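Heads up, there are several structures right after this.
Common to both upcoming complexes is subunit A, partnered first by subunit B, then by subunit C.
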Partner chain A sequence: MRRFIRRYIGFTRCTMEERIAYRKGFLVSAVLNMVGILVSVFLWRVLFAQESVIQGYDWNQMILYVLIVALLNATLGFDTERKLSKGILDGSIASDLTKPIDFQSMSFFQALGHSLVEGGTALILVVLLAVTLTDLSPYLNPVSMALFAVSLMLAFMLKFCLAYFGGLMCFFTSNGFGVVYLRQVITDVFSGAMLPLAFFPAWFQRLAGVLPFQASVYLPTQIFLGRIEGRGAVRILALQALWVVVMWTLSGLFFRFAVKKITIQGG
Partner chain B sequence: MISVRKLTKEFKIPVKPPGMKGAIRHLIRGEYKVKVAVESVDFSIEQGEAVAYIGPNGAGKSTTIKMLTGILKPTSGEILVNGIDPQRHRIQNAKNIGVVFGQRTQLWWDIPVEESFALLKNIYEVPDAVYNENLKLFNEIFGLSEFIGRSARKLSLGQRMRADLAAALLHNPSTVFLDEPTIGLDIGTKEAMRELIQRINREKGVTIILTSHDLKDVEDICRRIIVIDGGRIICDKEISQLTKEYAMDRGLQITLLDMQKELPARLLGQEGISYAAMEDAHTLEIHFKPEMYTAFEIVEEVNKYARIQDFRLREPSIERMIEKIYRSGEQSA
Partner chain C sequence: MRTIRIFFQMTGANLRGLMSFKTDFLVSFFAGLLSQTIGLLFLSVLFQNIPAIAGWTVYEVAILYGYMFFGEGILTLFFQGTNGLWHQVRLGDIDRYMTRPISLELQICGRQTNLAGAGTALTGLAVMLYSFGKLQISWNLWKAILFVVSLILGAGIRVDINFASSALAMLLEGAGGIKGAIERVQEMGKYPLDIYPKVFRIILLTLIPYAAISYVPAVVLLGRAPYPYFLLLPAATLLIIGLRKWIFAKAMERYEGAGN
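Moving on, here comes the complex of A and B:
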């Protein structure tokens, strides 16, 4: 395992350096994140001016929900699959395939590097906003924080698997943006990133419950907000871990199948 | 050692009729036609050989290289690189090979070259001693230390290609695939690239498979040529043997003042003239056996049928041999 990490950790390091090399892009994305969060906050403020509780969420909980979603989205957003689909479509995946490395693990370690940089800045932003806008005191007990931390890590891995799986679709469609966009919309709706799943009709919630997406966003928020506690929380972690294993395995199989279809143009 | 048997690769290409109507028709019921990029190719290469794999654009060179490196899955046929099927055991095969695609870079664009190298060192688990020794060699021939601290984006094409070749050799691969490694480079950089390739071939016994349109690369580096055209191999010979077969003839290029379509056929009928064809409307290319004619006699002979504006003797060169091979390939196809 140590040997494995030693071989792959360079991808994390290089991605971080690369990300930081673009200082302006880096700043712009931080500002965009901030604006996106503030828009949601203002929207909810209008709605909460009429009522104090909406679908079981009070103002405090709703804003924390928004902030956690923002943190998760910033940590692993578009970039993993954009990079992947670009590599597939312009053929630069060819060099990666001539290396003695597992492509999926390589992509994971790259995504990790990206996430450490993006997630790091988003975390600062989110904590600042949480402190100014909400009352955090009910949520700061060590047990639920620890559970939440584990849940976040699993959510990151699952988000990676979903993005990776989506990116591999480019082997078949030769249209990068469409696939990425479609995957994003499906994920946003079913994961609870757009709205808490409690806002949707019962049949939709049942459907979302059997799909992997909710385990990447919705379930971690429920742990943090203390809406699911104790044994229920542990069950969520187990479910997340299960989805990670399932999606990682499926992605691996899908890659092995897809790579046979590869046609690299030119040269 | 590489062995390739009955290797074939077919691509499905969409057939899109022109215009909006065609585009919609394709969307509803896509039609495809099969293009054979590589057709039943056979060859084998021993460890330590330096082989040029050449052919016109679109002949199937890169497709073959991509199959040999495990990127593309062959439609049919068999490949063994050092006893390994490169597509089925891609990762295992990748440990032993080095690859340069002249049209792409494997360096990270926005971080210093040495960081890319450090990453490769980790991936291949290159021992420090080997890594340092190799860097020393690359420095000696390439002057790598001048630009190793800069990001790939800031390098000139020549520097970038030197860094790319070095990157492909860091882990002492036993087999190296070079797909147009000198494309677009100036003469100085080309020389340096050739020198390094030659040295690892001669001193370390590394197998070299090279594609290039620059036949000087071929001449300097390789001892054997495989020519592919239209997906088929049309020639596979030692360069020394080719020289024997083709270079015994001398060549003349004669510029004529009038059009002479039937002239080549008339000349070809004569003994001792091995080749005669119009290069373009006014240029006649003619090859003859020096023991039977002097160049002057050939000019005199041609002068009987057409007025001559100019003529020059063509040195026997690989370039001319390859030209001839391409042409004979076209004729037989």
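Moving on, here comes the complex of A and C:
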């Protein structure tokens, strides 16, 4: 295990250094996230001026929900995913395939490096906004914070698996953007990133409940907001872990099948 | 006149180029049609839980969405070349353009055509017409003229904002993020101006006039404001054209070539 990590951690360090080298990129993603969050904040401010609770969420909970989603999206978002599919589309995957390493693990550790940097910047912004906009005190007990931290990590791993799985679809089409976009729509809707699942009709909530996407966004938020506590929270962590294992294995199998279909475009 | 003719010749050439890849041509058109799915889903799910946003019902807000989609579509379809000016600088494209006897702006605008924009623009039109139907707006000749004018000026504003922010990024030497941030502000054009603090309202009507694209014509057509309010749209158009010209001139003044 230690040898495994020592071998792959280099990829993480590499992408981290790459991210940090372009320092302007930091500020940029912070500003970009900020604009997106601001629109939501203004919208919810008006809506909560009319009513104090919407579908069981009050102002505090809704803003925290929005911020957690923004944090998760910034940590592993569109960029990482596009990078994954790019390797397949532009053929640079060919040189990776010749190396004596597991492609999936390599991609994971690369994404990790990217996400540590992006997520770190986003975390500062999100905490600052949470402190100014909401009353955090009811949510800051050590037990639920610890559970939330574990849940976030599992969510990150699952998000990676889902993005990786989607990226592999590019083996079968040359229109990478379309695939990434379609997966983005499905993930956004079913994970609760677009709106809390409580806002959707009952049949949709049942459907979302049996799919993996909700475990990557919705479930962690429920732990942080204290809507699910104690045993229920532990059960959620177990469910998340289960989905990570299932999706990781499925991706591995799918990769072995897909790599036979590979057509590298050009030299 | 000559400018318009050359622009259409360039766009035509781009389209012929795109059409040589038939599947991709169709795929990008349909991708454009579907590109606003998330936004529309968000709107419809949200409104199943709330009655209105600051007094605006779902179809009224949908009209704002439609205006934004339409502008975005036209920008992507005909004027995608205004993206990534600093990138063109790095590639040395600008040097090449300067040696030709037609205007630099024209060459930048007509550089790229993307059929996905047609799908997006059509979605916008469809959303607007459907919503107008649902709202049972009483049309008259005046309103019809204003609607068409607002679509044209709105798309123009969208292009000018894009061009200006691209030139700004060029002026600041590759701070590409500033353009992305300004582009992201367009989300604000999708909701009634009333929900924003005063500073934002002023900015959205003047410096980054996304609200002039959607909100200004919508309030007039929906009968929420008197006709003269519409004048804010041409005023914002003139302002952003001036701003774009000024920023681009500044950027070209500082321009030193790609250096190869």
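Criterion: the second predicted complex is superposed on the first by the 267 of 267 C-alpha atoms of A that agree within 3 Å, B and C clash if a C-alpha of one lies under 4 Å from a C-alpha of the other, contacts with A are read in each partner's own complex, and residues count from 1 in each chain.
Following the convention adopted for this analysis, a contact is a pair of C-beta atoms (placed from the backbone, for glycine too) under 8 Å apart; a residue touches a chain by one contact, two chains touch by 3 or more.
What you are looking at is a predicted structure, and each value in this text was computed from that prediction instead of being measured.
Legend: residue contacts after superposition of the two complexes on their common chain; A:Lys99 is shown touching subunit B, with no touch to subunit C.
In the superposed model, A:Lys260 lies in contact with subunit B only, and not with subunit C. Looking at the shared chain after the overlay, A:Glu18 reaches subunit B, while subunit C stays out of its contact range.
Within the superposed three-chain model, A:Gly10 lies in touch with subunit B and out of touch with subunit C [touch as defined at top]. Contacts of A:Ile124 after superposition on the shared chain: neither subunit B nor subunit C is touched.
Touch criterion met: A:Val185 reaches subunit C, while subunit B stays clear of it. Contacts of A:Leu211 after superposition on the shared chain: neither subunit B nor subunit C is touched. Across the two superposed structures, the residue set of subunit A contacted by subunit B and also by subunit C is empty. Contacts from subunit A toward subunit C in the complex involve residues 24-25, 27-29, 31-32, 35-36, 39, 42-43, 45-47, 50-51, 54-55, 174-175, 177-178, 181, 184-185, 188-189, 194-195, 199-201. Subunit B meets subunit A in the complex at residues 11, 62, 66, 69-73, 87, 90-92, 94-95, 97, 99, 101, 103-106, 108-111, 115-116, 118-119, 122-125, 151, 179-180. Residues of subunit A touching subunit B in their complex: 6-11, 13-14, 17-18, 21-22, 91-92, 94-95, 97-102, 259-260, 262-264, 266-267. Put simply, subunit C touches subunit A in their complex at residues 24, 27-28, 31, 34-35, 37-38, 41-42, 45-46, 48-50, 52-54, 174-178, 180-181, 184-185, 187-188, 191, 194-197, 200.
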